[in-house]
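Please find the structures below.
Each of the two complexes below includes chain A, the first together with chain B, the second together with chain C.
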Partner chain A sequence: MAADVHSKGVTWDTPNGNLAPVEHLPNSRSESPTPGLVEGTEPGASQERAMFAHTQSFEDLTADVELTGSHHSEVEEVEEEQQGGLEGGVEGGVEGEGGGGEDAAVVEPKPEVQAVVREKEEDVTSETWRSHKKHVFVLSEAGKPIYTRYGSEEALSSTMGVMMALVSFVEADKNVILSIHADGFRVVFLRKSPLVLVCVSRSGQSDGELWRELHYVYYQILSLLTLPQLQRVFQQRQSFDLRRLLSGSERVTAGLLRLLEMDAGLMLNATMSLPLCSTTRNVVCTSLQAASSKNLVFSVLLAGSRLVALIRKKEQHLHHTDLHLLSNLAASSSSFRQGEGWTPVCLPKFNASGFFHAHISYLEQASDLCLILVSTDREDFFNLSDCKQRFLDRLKKRNVYQALQEALHTPTYPVSQVGIPELWHFVYKSKSSGLYTSPELPVPYRTEEEQERLMELYRYLHSRLHHPTRPLRSIYRCTNTENLLGWSTSGFELYLCFSPLATKALAMSAVTKLLKWIRKEEDRLFILNSLTY
Partner chain B sequence: MSAMRIDAKVVMLGKESVGKTSLVERYVHHRFLVGPYQNTIGAAFVAKSISVGDKVITLGIWDTAGSERYEAMSRIYYRGARAAIVCYDLTDNSSFQRARFWVKELQTFEEHCKIYLCGTKNDLVEGDRSARQVDYHDVQDFVEEIGAQHFETSSKTGNNVDALFTKVAEDFSNSAFELLSAEEKGVNLDQKKNSYLYSCCHH
Partner chain C sequence: MFLIKGMPIRLLQGRTNELQTHSNADDQVLTDPRMASGMQEKQYTPSLLSFFIYNPKFGPREGEEEKKILFYHPCDVEKNEKIRNVGLCEAIVQFTRTFCPTKPAKSLHTQKNRQFFHEPEGNFWMVMVVRNPMVEKPSKDGKPPTIEYQEEEILDTVYGAVLQQCYSMYKLFNGTFIRAFEAGGVELLTQKLEKFFYRYIQTLHLQSCDLLDVFGGISFFPLDKMTYLKIQCFVNRVEESLNLVKYTAFLYNDQLIWSGLEQDDMRILYKYLTTSLFPRHTEPELAGRDSPLRPEVTGNLLHYGRFLTGPANLKDPDAKFRFPRIFVNTEDNYEELHLIVYKAMSAAVCFMVNASVELTREFCEQLDALVGPQLTLLASDICEQYNINKRISGPEKEPQFKFIYFNHMNLAEKSTIHMRKTASVSLTSVHPDLMKILGDINSDFARVDADEEIIVKAMTDYWVVGKKSDQRELYVILNQKNANLIEVNEEVKRLCATQFNNIFFLD
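Up next, the complex of A and B:
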């Protein structure tokens, strides 16, 4: 306590106390950042304390399965032919006929909802089932099916039995099965007692990437049950059918697997913020900060999967994985639109052994602004409901609600704003703030297949930059359809996609220009101050 | 400014996918969502005002998730509830067994909670009588035995939905009046004072 008294005059109002290097302060922010910047000074770096639990990258997520080798930094150039288009596998998103509504009040479901149901009804002996690009299975140590992405679990009990047999066979020799590579397929195993997770993929992703995805599925299960409850049910009965406890979560898991394919944030371990003018953002943040309650730990305002504001309790940090799980949960049930949701939720990266209680609601019924209030008290519903109301009233009183709604119409920006002609798209992550920014996908990437293909290219760059034994500092790759550059420094990670006519020299000069542009726009693109209650 | 005043807490209980959310959706928003089943996560709360006679009563409706995962949590939703709408699917006999479980639970822990048994998806059995798996008269007998009310509704057509919630509100309005008058009679200022002093002396 004495120490507190002494340091009072110095630290209370200074950002980050004495822990912040001088470079973190805004007045030393360089106008023309160079790639040599250290962490904390890159464009988009938070000016105060970090908002998220600090993670460099996905190594943190998979640390327990991967060996961290010697970190050579190399620069590699890859010139290659385009690897012939994607072979099959991509499921057409064609929707069946809508069927005329029976009365005006009858509302048709969203296409993606129907897709999930169709996937679960698939025949596991059919060719379509076999040709899926990525299967995910979860089974118990007794070999009992718990989850399959496609088809029904019952129909796969013998397949899952074989998987468990493989795991136990290798373990009998005091060894661990990690993956099997055969015939263009990768079968990756993740052992998380009392569960076994298996991914069968022909997507060309590395083992590390697939492990990361399986970890996400594992954390998803923990977020519904907590680790002690999961262990308890299997201690009591080894042959327990976990599907009983997971029933109703199929759509949440399916949504997560979809996000893993489409959302760069889960790959980068970062969150995208909604571009918003800094004065509006400040009012939103302070209003949310003011709407506090004794047991509140996190207040998160989301627009779709984009972060608008995050307020946290002092000393408590939200992990990206937990935030992605929360935002996926909120997106996977329409029930949050109909009323205010109140649900127990475990944030496994924060603490896998207990439940938080989340108040999930949309600011207004038709709005896309979703507010998640996380509390430690399960009796807190009406307090949090009141917090939400106070927040909304304050936004309206200070005339920012309208501005916020308008910002939702332009959730992204065209890449042309940067002013680099051959640049088609980019992803920029500021490591110290844990936020990333990316423009809207331009013309060649308007279809879902093309978007997935671009994500695959980025994932390839990412896996080379983060290779467990031979990580690269930068990588330049030419294909027939685009030229790509990946660059990782201690401050940022950058992935650029150029037209095939771009040159390497142009790409290098584009980096400097882009960093300068991001610095200029950083208070709009990023959330620079992280507030606590 | 702050949250709405809630007069009566109403809780929806019942097996997964019997249509609790659809029932609330029909009553509150007058619509029916077609298509694949969407699970409720945890519970959803919605407030709705309804006029009974010359009074306006605000029902705070807790729509709970049917999944077994949330069963341990369910007490926080029905504690202090003035009414419970226990739903079962007319085309699914196991859902009625589950409804019996909820009735028992309520009788044990919430004796002041009025129970309304609600058979859902009435439109399915109207079109095809053979689809019915829960006999009307069996339920009626059960309802009389436990002193509950019985409704058969269809959220798709809206049949009987308003009637159900109106009945809930009316019963609450009547019982609230009874409770109020009973309290008025029972209040004795001296006695209250004494008991207050009494407790004071012992602290």
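Up next, the complex of A and C:
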């Protein structure tokens, strides 16, 4: 599945033919949720149209990106121009007006840079380096280092050379290397010509999950360069040092890898929305909808990593991967807090061959509310800046700005609100809306270490439910430290974590109770209307 | 549903330590019945691509790479190809040492095949390359058919265990690699390897390996206390009178009752007896009276005892008194022994005698006269007791569940999933996908030390329950499609109470 050789080219908007979002009328929503729920009627299902490109689980991530999509002719025309400009930038060698250069200027490393520097200086022969939980390497087909998560690329050039040698040795037999398994760790290879991505993991995750993570890193690189530019630089010179074009993006990648470990959304291919009372959300959404401009494709309002509102152009759907990349990009740089940022960005799942231009800014410097406006026009900065102002004015005029700020104080809810004894935590994903909800982490999972462990447990359930050849309907796992239940139906996915004292009977009744509660709260927890300009 | 699959038969020719094989077609083609009409998809099961043993220290200089290779199957592979493939394994192992110097690679997954690495003795590497199962789909317009490899269908734990078993079986009959090397250099070692593996690997039925290969357990015969004591008495008496006998093992119905060997040695000897030696001798017994397969009647009417290894007929003036040699306790004492297997009806006894002693006609006659009548009597006693016990426990009903049980402490294993083995086929009563889910759960258990329970519902609505408690593992498959988690739990509790009433499982 990792190989270009046999992955099928799936178009961006229909990863799976029969999964196209279905339109549902509000009255078709069933009152009491049962496992027999049809997709689109589960709690949290969007009422009209889906706002995301539809995604089931991680399978579609392995599909190749579409290079010549005929879906968005209008968007592409503009992009072609942009590519011309970029080419010039690359040929010039250093930061010209090209994408790489501009990006590097925007993403200025500030406080967290220390940590990155420290990791870069690590001795790659030391035990500390070896025992990192997850290494990620990116190299070119010439075996040249492009990225390493720990240590410096220079020090690892021979190791990466060996990696490339192994890849090409196996390929010489018309075969594809997938992974190497050893006691306690595994090495997973992902071939995405002209790049090779390698992950060395001690986390116990399956190959499939690690491939998903490597795909994210690959898309991260595409989002900075676009696929045609990436291919072009290596066509021109096989030994090209790609680090020149990616300089400054290390922290974005580091942030992404962190997110992959901590955020259930990247595992589920879903996004969490900020709990908000429906009237406030409606005003925010309509205000954002009204603040439109000719070339706007997506307007995204985020509170941290939580989605507050998403407005899109008619017929255009944002992919979760792209949204996670955008949100990570915004979060990885403190410079957006100082003012309005303007950066070219490729949304690889939407269209890997061209750039959009993103206006990224915080509503207030100290606030967590981040507005991302995505346009097709590179000269659109002042238009979008104006859009943002109109949006802000409207929020204030209609007195919801305060309510929104207050909602930020309670970005989540305690699990006790659900009222199920022994239930410690849960993750619920509505498949048709692509949104998920999850309460705040309770006491046993407050430390980062424990939080990561809980995520690992969820990832275990997820990978067993979505096994590529032996998928399961449900899985219950009982250990000394917790009881876990994972359940996947056509409408939703549910992951529950109970205290070790819980019984199976309690778990069964908890599911029914929880689904009822989510149905009751769905206005607040989910974004039920998907608006277009 | 019942699926017939080839059972691994290890036909070891006892007298000469040589292996006799039923060579089987390498690629067993099963046509998927669902696809049989129209499309004609062909499904290929996993098969052995190559098997080799090398020692990187034997040819460290460039140009001498061939010296590293001690055994290579198939032997007709071109020299450079062999060197290339060994080189890849060395490179993979070396590469993984970058990340953990002490625990290098165990397997390499590629799209077309999977390679398993095992270093049983310092610097001696065994590699087994298994082709992934695949589906051949005919394409239209006369183009060559497309092949889809199913790389997820092979379980590392299962084939890793098969490779380790290969070594254990070699060691049982040949001793360690290093001893052979010390005794006769590379020449003797390669000779031994060639002789053993050439035939042995043809008996590997890779398509029918499953969780039981991971456990490599021993099936014990359930017995009441009185009969057990009788057997113990018998063993002690024989060891007393024939003081040459160093170790004894007693089996009934292919199941173990008593063994004086170390567990690991018994485990592999048991494997040899039940999958190779016994099936070879039961087939003639099952054959009709006039069948040419039926062995000559020994003419002894006093008892039913006979030698399964060594002389076929004591009365034969030309009978040879040579027995297969086995190596046990290779870690410390390194003992070489004669293996005498003697059988009367369903009872079989293994007597092991130090290899330095020459076994004579007199000894064999003495053994036959002493053991034959007693063992015949004992066998019918056991049979009688067994039937009484069976009657008490009530008539057998086809239960709603199938299970596999394994105890890591005494290697006891029990499976109602696997039908009784015959010489050439073994039956499993469940779908291969369910067997793989059992394997998945087993590898999840292996990752943690603590007790755990995992209950899953497969897409076919079968329930699979795995429980691990204090070195014991139990796997249950339930065919109650409409049951819920609570009912499944109750069902498994009942099973534990009836079948394993002394064992505590985490609830």
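In the analysis below, the second predicted complex is superposed on the first by the 457 of 533 C-alpha atoms of A that agree within 3 Å, B and C clash if a C-alpha of one lies under 4 Å from a C-alpha of the other, contacts with A are read in each partner's own complex, and residues count from 1 in each chain.
Please note the rule applied: a contact is a pair of C-beta atoms (placed from the backbone, for glycine too) under 8 Å apart; a residue touches a chain by one contact, two chains touch by 3 or more.
Predicted model, so just to flag it, every value in this text is computed and none were measured.
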item	value
Contacts of A:C478 with chain B and chain C, given as first, second, both or neither	second
Partner chain(s) touched by A:G341 [first = chain B, second = chain C, both, neither]	first
Chain B versus chain C as contact partner of A:L246, first or second or both or neither	first
First, second, both or neither for A:A507, with chain B first and chain C second	second
Touching both chain C and chain B, counted on chain A across the two superposed complexes	none
Sites on chain C touched by chain A in the complex	88, 91-92, 95-96, 98-100, 103-113, 148-153, 156, 433, 436-437, 440, 444, 447-448, 450-459, 461, 484-486, 489, 506
Interfacial residue positions of chain A with respect to chain B in the complex	99, 101-102, 105-109, 113-114, 116-117, 224-225, 244-249, 251-252, 329, 332-336, 338-345, 358, 360, 378-379, 381-382, 385-386, 389-390, 393
Footprint of chain A on chain B - complex, ascending	1-3, 16, 21, 24-25, 28-36, 38-46, 61, 63, 65-70, 73, 76, 156
Of all residues in chain A, those that touch chain C in their complex	3, 5-6, 130, 135, 159, 162-163, 165-166, 169-170, 173, 175-185, 187, 200, 204, 207, 460, 464, 467-480, 504-505, 507-508
